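What follows is a set of structures to go through.
In what follows, chain A forms one complex with chain B and a second complex with chain C.
Then we have the complex of A and B:
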C-alpha cells in the first residue's frame, strides 16, 4: 500500500458534550414541569408525554382515533400529494428548462401562483372538495410542486453548454439532447428537490389538518390545544417530527442508491 | 452589421443575426407566449366561474378586484385594507428580525467553535424536523391569542433556515481562501473577518429568503387559527361567511406582499454583497 490509513481519534469531549447536551435538555424539561416552574396546563413533562403515547396507542379518547390511525391518515395524504407533485412537477420543470414554448406558456402562471403560501388555498379547497382526502392532497400537491419545478428547471439550465454544443456538432436532434444529455445532468438537482418537496409537503400537511380535518396528526395537535391537554399537543408534535425525519432518511437512502454513479 | 471583438484569442461576434420575420418566429416569441399564457389563465378562470363549474365557490376575476377596491374604501372588522396588510407585515417584521438577529450569529458561532457546535447541534437537530405550523396550538396555549403567539411561531419557523444556512455557509467556504490569508500572514481573526464572513454572506441571504417565505406561511397559519386582523383573518372570514371573493382577494394580497418583501430583501442583498455569483434561476 502506497499510503497508510490515518485514524483520526475523536476527542472524548466531542462524544461527551452532545450526549450531555441532549440529556440535560430532557432533564431540564422534566424538572421544569415536575417542580412546578411551569404549570402543567402549559407544558407536559417527557415522562407524561410517553405515558400519553402508550395510552393513545389503544385508546381513541379524547379525540376520536388511536395514534396509528392518525399517523396512517397523515402519511396517506402526504404520500399521495407528494407523488402527484413529483409526477407532474418534475417533467414540467424539465420541459420548462429546455423547450422555450413550454416555458413561455407556463412560467407566468407558475410565477403568479408561487408566492401564495399553500395554506392560503385551504378555504378554497374546503369550498371545492369538502374536508376529505382530496382537498388535503390538493394543498400538499401545490406545496410540493414548487420546489420540483424550480429544481428541475435550474438543473436543465445548468447543463454544461459545451456538452450541448458538442452534441449539436455530432448531429444530435433537439429531443436527443434533451433526453440524453440535459435530463441526466439535471438528475442531482432533481433529487435535491425530492428532499425539499418532502419537507414542504410535511409542513403544509400539518397546516391543512389544523384547519380542516377529522383525523390526522395535525388534527390531533389541534384537538389537544382545544382540550387544553399539552401532553397530547406535544405527543402530536413529536409524532409529526419523528415521522417526517424517518421519511427523510428513507428518501436519502434511495437517493444514494440511485445516484451512486453520478458525481455530485 | 457585424461587431466583432477579440477576447482571449477568440473572436466574439456581438452582432445580432436577424432572421426573417415569419409566423413561426412570432408564435415562439417569449413575450407573445407570456401574454397568451396570462390571458388564457384569466379567461379560463373567468369562464369556469361564469358557468359555475366549481359550484358557487369561484368568482370572476373582476369581482375579486372589486372586492379589494371596496375594502380600501370601507372599514372591515375595524381596519381598512392597509390596516390588515400592515398588521400581517408588522408581525413578520418583528418575528423575522428577532429570529435572524439571534440565529445568524449563533449559526456563525457554531460553525467556528466546535464546542458550541457539540452542545447546540444535538438539541437543534431534535427541533429541526418539526414543522413550524405544528407549534401553533402550543403557542396559543402559552401566549394566548394575542400578538405574542403569532410572533413566536414566526420566530420558530424562521430560526431553523437562518441558523442552518449561516452554519453551512461558513463550513462550505473554500479552504484555499484560508490558505491565501495564512500565506499572506493573516491571523485567525483575519481569517474570520476577511474570509469567513464575506464568503458566507450569499448563503446567509439565501437562508433569509427561505425564512421570509416560511414566515409568510407561519403568519398565515397563525392568523387562520385565531386573529382579529391581518390577511389571514380576511381569508378566514371569507371562508366562514362563504365569500369566495374575499378569500381570493386575501390570497392575491398575500402573494403580492410575500413577493414584494422578498424583492426588497433581494435588493438589500445586492447592496450588501454584490460579489455573489448568481446562477441563472427563477
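Then we have the complex of A and C:
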C-alpha cells in the first residue's frame, strides 16, 4: 500500500514577494547612501561593500589579512569549539537524563556555570591562552555546551515512560533501555541542539574576536571600526552572517538525512 | 496455603494495592484479590473503567509491587518485570524509528539472539498475525489494527510463558475491534499460550474468554463474579447461550456513575 506523491505548486506570490522584499531592501539601502540621506562615514552602500569585498579578496591592507584568511580563522575556531561542545555536551546531557548518579554529580556544577555569559570568560582565557586559537575555542566550547547538555537531558527525560515499561517487560537492562530507547527518542531534541549550539557558538565567536584576536571575521569588524571604514564593518557583518547561514543549512541537511527513519 | 496444582500457571494470592495521590491521599485500588490462571487458559478480566483491572495486570507484569499478597508464575514469585510475561499495551508502544520487522525482533535482540535467528522468529510471528508483506514498513504507515497486530507478534516473538493484554483494542473503531477479536481467537488457536486479557467490553470478553472474571465497578477493585464460558470456538456473537450469559453479566455488573 503506497500513496501517490502529489506535487503541490508553490503559489507565485510566495516567490515574487520574498524576491521583491530583498531587492527593495538593498535598493533602499543603496539609495539612502547614494543620495546623501546617510553620510558615507556612518554607513557604506551595498555597491561600496561589494567593491571592498573584491579588493579584500586579494589585499591584506588595511587590517592585516585577506578576507579568506579572516573567514578561515573564524570557521576553524568555531568548528573546533562547536565539535568539542557536541562531543562532550551531548553524551553528558544524555547520561544526566538517565543516570541519577551522573545527574547528581554534574548538574549542580553545570547549573552554577550556566548563567555566566561566555563572553565574561574572555579576560581569564586571555590570561590562560593569550589571544590565539585556544582561548577562542574555549569560549565557543562554553557557549555551545549549554544547549547540548540541556537538550540532550530533556530529550532523554521526555522518553515515553510506558515505552520504558514496555522495554522492561521485554527483559531490557537499564543500559539497553538507555542506548536502544532513550537515545533514539532523544535524537530530535539532540538535533535541535546542533542548530541552537551553532547559533550560540557563532555569536560568541564574533564576540570573542571583537575583544581578543589578530585575525578572524570579528577582528575584521573591529578593525573596520577603529579605521573608521563602515564598508569593512559591513563586509565583516555580511561575511559572518553568510558563513553562519551556510553552516546552518549544511547541518539542517545532515539532520534531515539522519532523521529520515523517525516519524511521529 | 493450598499446594499449587500442576497446571496452574499464575497464582495471585490476596493482592492489595493502595496508591498515594497528591502526597497524602490514599486510594485503595485493589483489595484482597486472589486468582489462579491455568496453563493455556484464556482468562478475561472484565470491568468498567477505574475498577483496578489494569493495576492487577500491571502487578502480574511486575510493573507495580503489591502492598500485600503475592504473585507466582510456575511457583516462583514475581518480583519485577521479565520476558517470561509478554505484555501488549493499549497504545501499541512500538518503536517509531524501527521497521515492523525490527520491532517484532525486540525481545530476541535484547536477549542477544543472533540476527539470522531472530529474523526467522520475527518473520514466523509476522506471518501468524498476517503482516508478512509489511515487514519493511514503519509504524506510522500502519493502521491501528495493524499496529496492534505488530504488538501481538512482538509479544509472541519473545516466547513468553504468559501473555498479558491490557485493553489492547481500546483505541480501535468498532469494526476493526470485531475483526481483531476474530484474529486474536485465530492466533491463540494456532499458538496456544496462557493469556490474561483485560477489557471493558462484554462482547469481547464473551467472544474470547475461556473464563471471565468480573470486577466490581468501583474502587477498591475486587473480583465480583466468575463465569466459565464453555462454548465451542469459533464463537458466534448471536449464539443463544452466549446472549443469555451476556444478559447475566450485564445484570451483575455493578456500575457506579
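Just so it is clear, the second predicted complex is superposed on the first by the 248 of 264 C-alpha atoms of A that agree within 3 Å, B and C clash if a C-alpha of one lies under 4 Å from a C-alpha of the other, contacts with A are read in each partner's own complex, and residues count from 1 in each chain.
By definition in this document, a contact is a pair of C-beta atoms (placed from the backbone, for glycine too) under 8 Å apart; a residue touches a chain by one contact, two chains touch by 3 or more.
Keep in mind that what you see is a predicted model, and the values were worked out from it rather than measured.
By the touch criterion stated above, A:17 is placed in contact with chain B alone, chain C being left untouched. Look at A:168: by the touch rule set out above, it reaches chain C but stays clear of chain B. In the superposed model, A:8 makes contact with neither chain B nor chain C. Once the two complexes are overlaid on the shared chain, A:104 sits against chain B while remaining clear of chain C.
The larger set of touched chain A residues comes from B, when the choice is between chain B and chain C. When both complexes are overlaid on chain A, the residue A:184 reaches chain C alone and has no touch with chain B.
Only residues 1, 160, 162-163, 165-173, 176, 180-181, 184, 187, 261-264 of chain A touch chain C when the two sit together in their complex. Residues of chain C touching chain A in their complex: 61-63, 80-83, 85-87, 89, 91, 93, 95-98, 106-107, 110-111, 138, 140-141, 154, 158, 164. On chain A, the positions that touch chain B within their shared complex are 13-14, 17-22, 25, 41-43, 100-101, 103-109, 111-113, 115-124, 126-128, 150, 153-154, 157-158, 202-207, 210-211, 218, 221-222, 224-225, 228, 230, 233-234, 236-238, 240-242, 244-245, 248. Chain B contributes residues 28, 30, 32-34, 36-38, 41, 54-55, 57-58, 114-115, 118-123, 126-127, 129-138, 140-142, 213, 216-217, 220-221, 224-225, 235-236, 238-239, 242, 244, 247-248, 250-251, 254-256, 258-259, 262, 279-282 to its touches with chain A in the complex.
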